[in-house]
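To keep things simple, chains are lettered A, B, C and D as they appear, and every chain counts its residues starting from 1.
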């Protein structure tokens, strides 16, 4: 068995007194696309932030591409190939679009840059049009594209995407999903959090459902689709 | 994070013990046995802007005592030094510390006028023999004079009076004054006005700068537009240095002569460089004074401290000299206050600055010399005024 | 030339100098969230450094060349020794610790350089000045300092707007976490920013040394005035610091002419007025 | 809330007090003066702690009032006679208080660092007033020639010229000031100040005028500082402009931080420690004596001389060590040593005369409610009725307008169109604190309790919001009624009695959310508007809170937004489904479950794909 891109073992995370992640363990293989599902407040965002190093787990261990990173900083995880597109997008408002993009532009550990600026611009032509605008002058959809593009320019091998389509018009969503598909097919391991079940199930190799800080279900899209009760309980009305 | 700062109970107890021991120290000091050395409290600035002055004064006093074999009137002298930081708000506490805490026999201080005011308040109440080796606040030897308080330096107005006379003699008829707008500056200008107006001079404008501000440009521009025949300025220390440089850089030096009390150039003669060339000051001391005391003092001081003494050192020297005279008359016993004070009040001696005696208010009556800064030295031009004394307005001793 | 015009000129020149000191303070405060009371001490050390280095090299600009990198390294050391322990702490503890640093630096100054004032020579090629009225000359060195400050302000604009370091600084101001998430170690960013702030304060001290002369306590007025400038301009805004510094410089110069008795209150009154009208300063985000 | 001092603190303070009481019998005149001075500075710094530690306002100009107090003695003293203390002290307090009212009314408008700088600015202006003009002796300061006496008619009661008398007066003044402040922060007034420190916005949402509270605390602190100032001027009869300057203000802040802000006694210890350390470091005699404990006399003397020569550097290193080693000051150190606080005993509540009637729940009715942000219509023509004594759930996808909906209901946002009726009264467009006082209480998505307060204190604060006057210093007024409300709220919200008296910060997340509900109940709300009360809870806690909601509906109407479908379907009597700002369905859980439109809207295309 090859080294997993992400190996999480028994992670517990607290915010103050509140116990958010309760013993979460899972693995993601290189190049695999995993969806992370669940209602609001169940710990999905906290899990992504814990993986990215923005939150310190109170116990458990995290390995990225075989390297132990539980106690390393977010910056070193980023340089080791992890990129996060956070909820809220995290655009730098006082940097231009192009500055945002090139902010952390770097090659991967093989010295390659699979996502150079031109490729990002061809992926999102609208960013090319607006490259000299300030970050805070963009619409929500454009900010989302910018955030994804910026993450890709770090040449990641692991890609965490949190609520990429939240608050976007249907047409924009389709655009985003089309790009995300290109990304996941390029061999990057990805964990994607979203509310749009359909799009996710179409994209993911495997799905995880979180509830109350625990992973309740792991399985293929087909298996999940078959279990209507499960969907109803954790995802639907 | 909290793990780091966790302290064990035993450590805590230990620390509490040490803390309590330290806390008790200032309250429980050893009793002073009689017949011990004469304890002289020095309330002087050893840090901050005036630290250099405090050091010069202390050096000269130390030199004097050493030359007397470490004793004055047969008593060994022990200095108890306290750094007054030139902070009036701490001054009463520090004076108390010397007078009541350290139980000194004699109090000597200080440089800063506000600190001296606070010190004098307590010294008057305690009745302890007190000598002021620098602070010039007029009131200390006017309304607030006291039989136990002696000043060996000057009253703030005295140099002004001398400078005003000298400027009239030099043919200057119109002047602008530019000083720090605090008491010492105001008093200096008051003295200047006294003699300058009396001599028929006219003061075009009195400019002030809040102490200790050193942005002189605004005032200099105004001086240039007022075109007086002379400028009288009181600044001191780093501020005086910067002032002379700005004055010269503004091109005023060549057209309007700059005058002032000695403090304008004292201590910064060399630092002022070309900017100071030609600045004329009136002071009760010049380095090159041709008298035996001065020559010996300069040689000895230089031998001891590898530098030449300044006016502050002279004031320190005279302070000890005056104390010595008093102590000898009292047989080394400061309890014999009548003899002590009488001898000090009536003392007349040759100081490095020339003849020295005290007025009824116990402020020096001494000569003022006209000096010009040349090549990094205050050059003696002549006597500006002889036997200058300060009014004793409001003093109960006069 | 008109007196008021000359005063304005003086005010602008003084303002440019305080801008140098205040810009470092606003960077440190805006990006790191640290209230650095010891900022004036770095100005003082710059001035005394200029004294020593000018004696050694013979020229204030050579002193600048050596002194600024030294100050930067010194900043790194101070950050590593003391400041880095403060990031998660209350502002009040930052105040206490940086106040303690003032005590230490002042004493160190006394031990190293003594208590007498000194002057730092103006280079021979900048002696003299331009005649601006019958009697008044405006010194070349002051003009040079003003030009230097403007050049440095432009350089800062360039660095902040056009370089990678500047991008990181701007990004750090708005979203530190994202900077970290994109692979930039925020500890190094902080260390760099602090050292840069120290270097700026020292630069101000060095170029001011021939103007100000050098004496104990020279940094304290600069500290207070820098805080005033930072607050007027808006915390973290270099542009605000620039405008604020010029405003303060001019207000101070005019205050000395028109309200001599209250001139030391003029800058404070200006600050209070600005804050009441705009509680976040001129270019700051609202508090 | 600031607790009564712990036993170990009381022991420390009593030991200091005993030492002070005995000091005149063995200490010399200098010890008396030094101790008097430290005690006066102590009064000054604990008054500053009322601002910094209690209300959370860091004033960098507090010495202004200390100095004004000191100068007031100069103003009131005749040239060569004693001022009467009965006039001098009130005059000082009044002068400082009035100055603070003027300065504070402007300064309190700003917050955080800007407040620090504005207070600094006013302090410096005050300093210049005395330094640059001659209104009181100018630069060099001024003398008060005779120290005050206290006399009534011709009867002289106290004379400050007598050091022992003065010393005991200062000691009494310190003890009284401390007890006064301790009492003050524990009154309803002080409780609100501490609430403001922790969460200004929440306090104004509860209905308190925080500006008035902050201004009142600023004036009180200044008045006490003025009192300390007049005593200070009485020590030696000398005042200087530096007393008003930023150094004195800064020094006081140092002492507060060194001692531990927000504890009142900590800053006092800080003042003592700072003064004593500075005193010791400056004196080579004392240092040598201290060092000779550890080494031979000659070395000790040599070392003492060196340290005293550079005393300010030594003081700097001492302060750095103190900051790094004891982040919460001496007080934090003592309390760490003392261990966890024991819970205070709750007061016995007199059974109230009138039997507690089951509260009447309220009905909320919304008609054609619309809220638009520019072009975006977040809530679009919603009409729905929430009958009393029921649990009503609001569900819907993200961005459906749920939070906007309840923000409009609670008054945080104004409706663009439509009516909101609580019972039969129109409340649409009312300000939040008025809506709150009509009986509609809301909780927030993020837990929003006052963490340093116990559960009981949090509830007491909420109960007090019914009478939000900033001049409530008495615990007695309304006390029984409020205690009753607190008791009921704690019981009703299901917070275990043994958990009611520990700090909220030590409660679990679930308990904190329960406490939030308890606060709403205590505030007298009859309709509770809860935003995701179950977010971030484990299964057990979820169960407990759902059960609680059911119980509460006996005398409250509950409207909540929730994402936990299991829980809400189990707990709610009715469900309201919002989609894109519009009401999609309203009905019982069963009706919603089987509603085709709802299934369609939620499951969307997936419903069809799944069937394929």
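The definition used in the following text is that a contact is a pair of C-beta atoms (placed from the backbone, for glycine too) under 8 Å apart; a residue touches a chain by one contact, two chains touch by 3 or more.
Just so we're clear, the structure is a prediction, and the values are computed from it rather than from any experiment.
Asker: Average the CA atoms of each chain to get its centre, and name the chain whose centre is farthest from that of chain D.
Answerer: Relative to chain D, the chain with the farthest C-alpha centre is B.
Asker: I'd like to verify one number: the distance from the centre of chain B to the centre of chain C, where each centre is the average of its C-alpha atoms, in whole angstrom.
Answerer: Each chain's C-alpha centroid was found; their separation is 34 Å.
Asker: Any idea how many Å lie between the Cα centroids of chain C and chain D?
Answerer: Distance between chain centres, rounded to whole Å: 36 Å.
Asker: Find the geometric centre of each of chain A and chain D from their Cα atoms only, then give the gap between the two centres in Å, rounded to an integer.
Answerer: Centre-to-centre distance between chain A and chain D: 41 Å.
Asker: Centre to centre, by mean C-alpha position, how many angstrom separate chain B and chain D?
Answerer: 50
Asker: Residue numbers in chain D touching 2 or more other chains?
Answerer: 128, 131-132, 312, 327
Asker: Please list all residues of chain B that touch 2 or more other chains.
Answerer: In chain B, 47, 181, 210 touch at least two other chains.
Asker: Can you list the residues of chain A that touch 2 or more other chains?
Answerer: In chain A, nothing touches at least two other chains.
Asker: Can you work out from the touch definition every pair of chains that touches here?
Answerer: Once each pair is checked, the touching ones are A-C, A-D, B-C, B-D, C-D.
Asker: Which of the residues in chain C come into contact with chain D in the complex?
Answerer: Interface residues on chain C, with respect to chain D: 29, 35, 82, 85, 89-93, 95-97, 99-104, 106-108, 110-111, 224, 227-228, 231, 235, 261-262, 264-265, 268-269, 271-272, 275-276, 279-281, 287.
Asker: Which bits of chain A are touching chain D when the two form their complex?
Answerer: Its residues touching chain D are 15-20, 22, 39-41, 166-167, 195, 197-198, 201, 212-213, 225, 228, 231, 233, 236-237.
Asker: What residues of chain C sit close enough to touch chain B in their complex?
Answerer: 3, 6-7, 10, 13-14, 88, 106-107, 110, 114-119, 121-122, 129, 131, 133-139, 141-142, 211-218, 221, 252-253, 256-257, 260-261, 263-264
Asker: Chain C touches which residues of chain B in the complex?
Answerer: Residues in contact with chain C: 1, 47-52, 55, 181, 207-210, 212-215, 217-222, 224-225, 227, 237-242, 245-246, 249-252, 255-256, 267-268, 271-273, 275.
Asker: Residue numbers of chain D touching chain A in their complex, please.
Answerer: Checking each residue of chain D against chain A gives 395, 397-399, 447, 505-509, 512, 532, 534-539, 542, 563-566, 577, 592-593, 598-599, 602-606, 609-610.
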